[in-house]
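Order of writing sets the chain letters: A, B, C and D. Residues in each chain are counted from 1.
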């Protein structure tokens, strides 16, 4: 039997997190945490290498025979993209939060929780068994809850409980569907929760729709889509930038990830049935999130709302069922992780100096801290999908892919593209430009970003720029997943209308 | 459709053409270097940046030379660079198309760009952020070249957004001024509205043709269903309106004058704003398939050329007069492009001559401002013709060129357009003719207020001529303003014929009837302007007026107010409504459901008396219940 | 034991009908008597009755154990504890919890009914007797020993462990844990002086109780020179219990004496 | 042999009385004794069962119940004493901290 790399990959950070709960010095704890994160990064890259070399990484061990639950892990292109995003972002978040806000829990606890969250998220992205997925899906809530409640802003308790309740409500509905799957699987022979086995069942009709809706609601809450999104701005506003990065960049991806892997993968017919609804739903999210961002008076809320808008684009791409849009959505998931990370972390740097997230509290920062302002602008440009940034490629794929099927819907959704420019640049204008205010002069003069802070931004923006100019590797990584899903659903791309043009 | 085939098969790049990509790469890399190197490059940054543009110019000239001496069939060259990405059936290649059209643009951009770089060395000498300014300029040059050299719409779009970014950065270059920052944001957002059109057009092309390359689109356009041809045409027109400040997306251009003057000259007069014209000419096949789209272009162009001229008559800010004039002149180009095959070459012709004389005048205005302590109000000028001789001389060349003084550049290019307009539709022609008259009127007003009359200088202002590094570019541009019309008049139609698919018409130097009428109208405009502004004294403060035409002109035809009423206010209201719905609707619902459960549990909590005996009683009750149920179930 | 005294009436039957009512009466006494000691004694009656029943059921070893362990050890321990925690505090007759008693009785009746009903359905095979089993190893004790050290030896060991743990646990629980550090003489002196400095409390010893011709008990307060009572001379506990001597007669005596003396002095002055 | 059901009925009766006692008596000691009564009632049932079925295992179980009861009494009384030390009361109603 070959070495179970995927199990190792997920267990390594969890082990590190547990180890960090032992009493030890603050310096040692942080270094140890970072060490584990870097080791996980190395293993993650190794896994990517093995995947590229065509190795069979799947792990499949019987777990609970009575249910037909398996300890089954595997990665496809989409899973690997998410895994890579997670392992890259975690050490960066650690470095950015090297000094969590004073007076709360210790940095050691923060690092431990981050590691556990990382491990659990990795298992979520690798799980190839519905029960296993559900288990880790719910388990990620625990470290996240403590990350918010332990390190956030003044109303962190409210935000944490809200986050937990929304997520648990979704998880509960999903649990009902998971149980329902067992009933169906058992009625057709030996019960099995393996995704591959369940996909063979082709659960159609009313039953399939109800089960799909159960999964979908959980994912809608997770990915947040309007109107179940209000937990996200609160959670982002009242947590630290690092937590917000992991929450929005990594955890929320489970929503769209799940839609593709489970809603489309297990219930193709029901997913097609839900398409008209979901497409408009996505458009509402896009516009709603954009307007919410425009109306935000708090930087963290603003970034959170931009994410609501971006998730709308991902969902739109998923339910457009074309190769371009679906590949674009998956690619968008990857890019959005880095883009939001950039936004949250720069906002965090600014707030660390200013002591406030209020847009009103800033003004004229560009003059005294040009590097901070420049990085905020570049991060913002990635959020508004400027060509040259990888976010553009993915948004372009989603828009053009969707257009070929639903031109009107796409046209409405494209208003979000303009609104993106409005919210990003208005925020930049109000915070960074104009005359230097007194507060800015006090807090920012001579306190531009430190070397470490700049270094953290280098890989994030580097990925965004590199994939912006050379998106082919990422596109090739995610396209097989999209192809497989579309083949499974049984949909083909619309052919060009004008024949023989090419 | 023989015409299309001439562009359908561009030859693959060899020799010199394999260097074409460095035209874009060198300025881009230099921009990156200057931005990343920080203060280290303060000392030599501007020189490096200028050298980079000169490099691009040199390459462009070499390529142009190659093409000039190549036979007509092998002039269009495509230089594939790399495969960007592919998804499904669609693949997106990054490649450059160096054909007769794009090389002219490349030369205009790099040529005028080089001059403006040189000029800026002097103009920005005292700005502590000069290095950054040059980095942005280089970024602009790279993006603009990418825009015109791209061989498909997607890569064009990358350049399209790139110039938007550079424009944003340069307009709001003096960020400490809130007005500059706001102007930059406004420009970017309004451009984005246009970009939507571009995006929609590309998406439609992909849906229709499965490709976005110029070759495929032009080849397939005639197969389009009429409504889709119109849609794509309108999308492209929307994009062009955003970039070229055409009505209804014109409002940003006057605010864009907040940027440093070289920026106004390069981006907002000579190059970027003409990208819309380029786009329409490039997509000629689509427009030719849809008369409705063409009509829309013509209508937009006509409205804009009159609106821009109108604005030019009433502004007191010298740069805003020139900006209004730019709008108006681009209107002429769009008009020509919308007329159809007959007009493409004239559109490009006017675009080139306009690039020269408008850059010349903007830089001249910059020179004036340089001497007047950055005052832009023409009412504070006067009698500068003696104080700034070189500036005056070169500006006068530009003035004569724009009003269409015989044998100057504008005389050829504009007359052709007016003639073509008359050939298309008399009403449009009359509008174009009136526009020419108004142009003469406001430009004469500008000249009179700036260079003639009595001194109205503010205290402490001592006008002086600008340094050599600024006047030499002025002279070069002035020469170009004078001769470019004459040089290109006969040649350009022929040259562009394969690229834009139009048959050369015979043009003569002898004025046609329409040309005579134009000259008459122009002369009338000059005379009226002289009568109004040249004889009496000009008040230092703008006189109050109830004249609706003047008021509208001063307020930029109320473009901002219209935008506010139609978009900004509703959007703000929607944002507030979203905020309120989230806070008081959705959150309230979530919170009150939580409160409801809390209230319920407060009631249920009363069961928890804390008395162990009550608990025991309940337990016993439970035992009894279970026992009874078990027994009953056994019985059952 | 199975010999018939009368036709159809066996010895064990007689025993049962004599002892069973006693057991029930003891149980009722436990529940109904208000004083805890009576309850404990009723409980002992019930347990002895049960021991007798065990004996009649062929379990002499258990009967002995019942008497020794329960009636002997456990009940004695209960009595000890009762002594410690206030033997003479009867439960008040008022039930504080609403509807607790009627519901409890109802539940009890219900439980009994349920059990009767259950038993009725449970025993449905011909009864054997334990006599043969007892005889197999030569007696009840030997039989039990065989099982306990054979099949149930692990349970037996566990039970032993349980007993030890319980003993240690009881020790821990009843061990008084000091929550404040022990104060030495020095600390106490410091504290006293601090109290004097802060609140002006007298740092010296408290006054002795009074010594009078009629009484010198510690409940008698001392008198101050002006005839008032020195309150600190009597322990507060005694005062609260009402064991302190009423000081009024004492003061009256003194004041009478003072008055007499003063009268004499005044007379002398008058003269 | 008389009807063995009588023993079981007696056992049930004692058990029920013990249960009622736990419910109605506030003195912790008395309530505790009632619990003991319930255990004893169970023992009776075990012994009777042993008699009925003719095997000794029931008696062994009763023996173990006694052991457990003894251990329980030791710990329980210790708890009662320590509660009495702190609260000066043996009423189970006074120890109502379980209430929120």
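One rule holds for everything that comes next: a residue touches a chain if its C-beta (ideal position, glycine included) is under 8 Å from a C-beta of that chain, and two chains touch if they have at least 3 such contacts.
For clarity, every value in this text was computed on a predicted model and none was experimentally measured.
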Query = Given the two chain pairs A-B and B-D, which is bridged by the higher number of C-beta pairs in contact?
reply = A-B
Message = Need the central chain here, defined by C-alpha centroid distance to the all-chain C-alpha centroid.
response = A
Distance between chain centroids, defined by C-alpha means - chain A, chain C (Å) = 66
Centre-to-centre distance between chain D and chain A (centres being mean Cα positions), rounded to whole Å = 59
Query = chain A to chain B: how many Å between their CA centres?
reply = 36
Ask   = Whole-Å distance, chain B centre to chain D centre, using C-alpha means?
value = 93
Key: Sites on chain C at which at least two other chains make contact   = 97, 100, 103-104, 107, 111
Remark   = chain B touches at least 2 other chains through residues 609, 611, 613, 617, 620
Key: chain A residues counted as touching two or more neighbouring chains   = none
List of chain C residues in touch with chain B within their complex = 97, 100, 103-104, 107, 110-111, 114, 117-118, 121
Complex contacts: residues of chain D adjacent to chain B = 19, 22-24, 26, 31, 92-93, 95-100
Sites on chain C touched by chain D in the complex = 2, 10, 12-13, 16, 20, 23-24, 27-28, 30-31, 36, 39-40, 43, 46-47, 50, 53-54, 57-59, 61-62, 65-66, 69-70, 73-74, 77-78, 81-82, 84-86, 89, 91, 95-97, 100-101, 103-105, 107-109, 111-112, 115-116, 119-120, 122-123, 127-130, 132-134, 140, 143-144, 147-148, 152, 155-156, 159, 162-163, 165-167, 169-171, 173-174, 176
Remark   = Touching chain B in the complex, chain A uses residues 162, 165-166, 227, 229-231, 233-234, 288, 291-292, 294-296, 322-324, 327-328, 364, 366-367, 374, 381, 386-388, 392-393, 396-397, 399-401, 403-404, 407, 410-411, 414-415, 417-419, 421-422, 425-426, 428-429, 432-436, 471-472, 475, 479, 493-502
Task = Using the touch definition up top, name the residues of chain B that touch chain C in the complex.
result = 609, 611, 613-614, 617, 620-621, 623-624, 627-628, 631, 634
